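Take this structure, written in structure tokens, and hold onto it; I'll ask about it next.
Chains here go by letter, A, B and C, matching the order in which they are written, and residues are numbered from 1 within each.
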Amino acid sequence: MSSNIFDFATLTGSIHTWLSGMMSSGWVIFTEMVLVGLVFLLMYALVGLFLVYLERKVCAIMQNRVGPNRVGKWGLLQTIADLIKLLMKELIPIRKSDPLLFNLAPFIVIICSFLAMAALPYAKGLQAIDFNIGVFYVMAVSSLSVVGILLAGWSSNSKYSLIGAMRSGAQIVSYELSVGLSLLAIVVFSGSMQLSTIIESQANGWWIFKGHIPAFISFIIFLVASTAEINRGPFDLAEAESELTAGFHTEYSGIKFAFFFLAEYMNMFIVAALGATVFLGGWMPFHIGNWEGFNQIMDYIPSVVWFFGKTFFLILIIMWFKWTFPRLRIDQLLTLEWKYLLPISLFNIVLIAFIVLMGWHF
Amino acid sequence: MSEEIIKDVIVGEQEDYIINMGPQHPSTHGVLRLEVCLKGETVKYLIPHVGYIHRGIEKMCEANTYQQIIHLTDRMDYLSAHMNNEAVCMVVENAMQVKVPERVKYIRTILNELNRLASHQLWWCAFGMDLGALTSFFYGLRDREMILDIFEESFGSRLLHSFNTPGGLMHDVHPNFQNRIKEFIKYFRKKLPEYDQLLTGNVIFQNRAIGIGLMSKETAIGYGVTGPSGRGSGFSCDVRKIAPYGAYDKVQFNEILATEGDVFARYKVRMAEMWESMNILEQLVDNIPEGDFTAKMKPIIKLPAGEYFQRVETARGELAVYVVSDGNKSPYRMKFRTPNFSNLFVMNEISAGCKIADLIAISGSLDLVIPDIDR
Amino acid sequence: MNSIAKYFSDIFKGISSLWAGMRITGKYFFSPGAIVTQQYPENRATLKMEERFKGEIVMPHDANNLHACTGCGICEMNCPNGSIEILTDRVANAEGKMERVIDKHIYHLSMCTFCGLCVKTCPSDALAFGQEFEHAVFDRSKLTKVLNQPGSKIRKEAK
């Protein structure tokens, strides 16, 4: 099955053999690491810039506006112009701030989102590292960014920043639970934490369809909780601009601000990619059971397209949330998590365990 | 402000966490500074500091003629510029005992209601944005554009249209005026339910608004909170009903009252006032009588010596104008009782104990226009 | 039991109210409809201001370079901000009598609040509002304008 999906492993394998012919094995690994690093760096920048553009355009259309349309065709180069502007802006040192932590914080945030990208499968055979605890790794790494946010808020010597950082801490720590539990639902279904295994297990249908209603509920919970975890509206309390001006990054300027900004968008990409991988089959085409003919046709669409299509679909939903809803208050945010999402997902996981135990899922 | 609060601020308790909201802050809609004392996220008390945009309008009035004063009143509450103009005009007309043509009264009332609609639309935009629903801002502005276009066509300016002059209007309205208003009402009757769907019914919005910033009727009367903010607490203070002026005695409309006194009640009152304004407009727009657009006035207006007083209902509450004249062509003393000044100072009373985010919701629900506070 | 029912009904009511809001933004996402934003510098050629638009004060001159200003100074008197200054001259007319004529009608655009009192009170209708609105300049002194064109004369009404 899925035989005619192009496997990127053949491409990467041939590069590996070509490199092995030229140098010793130690150098081969080094060169490959540098290559992969470069590719990720490029992708990070491109996807990040495109997401910023997409967000602006999507919200403009939703709000009956035109959106960026000055730089380049349809304003496509607008974010690049913004990046150049941010690069050239002055880095303002803050009096009585903690310079080491102040400068370190944006790097922590951006490194965390960078690390998570390594474990995501972008297409068949296109995955930097296939951990056997892939789901756990991505979650652990992406939640580390709260350290950067807390440091940023603490070290800027600004009261608004500090409030924003404290909110963010409370928020991420609590919503981490729901994200974990909702992902755990699919881990229980597929019996593995390895992302490649989870995808393979969806070859006869995605988990959101195969897993009955509990899988759907955990998908919804995942969407809500991960929106909260990446500090996006309606859960953008950490940077609530009408309350805290800009929250934890009030005092940052220039490229350090750009790091926070880019990391926020990349985190959105990462959670969307994770959600697409776990619930919607990642790069796996839309398959229905054993309708061989139908599945064959679906296989003609390249797996990269499937992956990015699903990811951007989820990103659009997250954007849709942000541009529709008012912001929650901090106590309501925690109420939502501890009184609604967590009990429901706990109950849900028990239900799923029971379903799996009885073998009722497809 | 009680003594101990002042002492608190000067001495400063060790654990008091005082932040300055403003003069540059996204949610104060102008240069208002709120000194907020926090305990965690909870507001202990707040002290408003006003005067950042004080221009001395009352003093400037003493050096200007009555015609010239009109354009200064535009700059107080710029979102209800027309009502401010009308207040001064009516003081002068009543003092001079000029009979204003019916046509003028009708047009003034129509403009009042259009201005109120525009103002409430902008309030809705900004209120949604304060609470983080950024989309509401653009929907509101999109619909407000139509009213501003009507203004621009008739008066040549969109916001500060010094269109009234003692005795009548500067010139007649544009021939398209009535048609465009009817067009607008038809359009806005379809769009206003969208506002409700987007924000009013939203569970997040309701949780943010219901039960927040409770203001009892006694507090509202005690602080002189008027307009929709006061009516949200059940304080019947609509000058259009109590002391009708213009053509308000010729139209049927209800005074919108809510008794809850929270942010959501003030929100509901304003939303209902938009519907009510459209009703008033519909009753008036087809019945504008023919006639002069101004009464015969002397080129130099000198009020007889004495004291004169007039109040009108602006979009934010009761604006009262008090003039002392010594018989010259400029007033001896002019005093404006602006609604926002009173509405601002109730904030300390109603926001104690709420969260920072609620503070934003409360200040949004009071619909403050800062130049009107400082004048 | 009642509280449990309330718990679940709250969830469903909440979700349905959220969905109502998402329907509105979703509707505009798929059918944006008319966008009221004007593409300003691009539509310069077609941009037409309303005829009553208060862009600046102008003094209309006819084809023979004649205007209607008598230099009476009423506009200067009525201006609340002192943005109009009238400089007059005394010139002998055809009959040899000295007559007051306008030398310069100076208008400070930087001080003008467009209240319209000068246009309204002008007894000879010499002033009007112009539609020009692109007033940005690099030097403040350029905002001070002389409204009567050089060499222009007052229009004598045919008697």
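Points to keep in mind about this one:
The rule is simple: contacts are C-beta pairs under 8 Å (C-beta built on N, C-alpha and C of every residue); 3 or more make two chains touch, one makes a residue touch a chain.
Quick caveat: nothing in here was measured; it's all calculated off a predicted structure.
The innermost chain, defined by the distance from its C-alpha mean to the mean of all protein C-alpha atoms, is B. Centroid distances built from C-alpha atoms place A farthest away from chain C. Taking A-C and A-B together, the chain pair joined by more C-beta contacts is A-B. Put simply, the C-alpha centre of chain B and that of chain C have 24 angstrom between them.
Distance from the chain A centre to the chain C centre is 51 Å, each centre being the mean of its Cα atoms. Spacing of chain A relative to chain B, judged by their CA centroids, is 45 angstrom.
Chain A has residues 62-65, 323-325 in contact with two or more other chains. Residue positions 18, 21, 24-25, 36 of chain C each touch two or more of the other chains. Annotation for chain B: residues 135, 142, 198-199, 202, 204 touch two or more other chains.
Residues 17, 19, 25-27, 41, 128-135, 137-139, 142, 198-199, 202, 204-205, 207-208, 355-358, 360 of chain B touch chain A in their complex. Taken together, the chain C residues at the contact with chain A in this complex read 11, 18, 21-22, 24-26, 28-29, 32-33, 35-37, 39. Residues 64-65, 67-68, 70-72, 135, 142, 145, 152-157, 160, 162, 165, 170-171, 174, 194, 197-199, 201-204, 206, 299 of chain B touch chain C in their complex. Across the interface of their complex, chain C is touched by residues 58, 61-66, 69, 320-321, 323-325, 340 of chain A. Chain C contributes residues 13-14, 17-18, 20-21, 23-25, 36, 50, 52-54, 78, 80, 113-117, 120-121, 129 to its touches with chain B in the complex.
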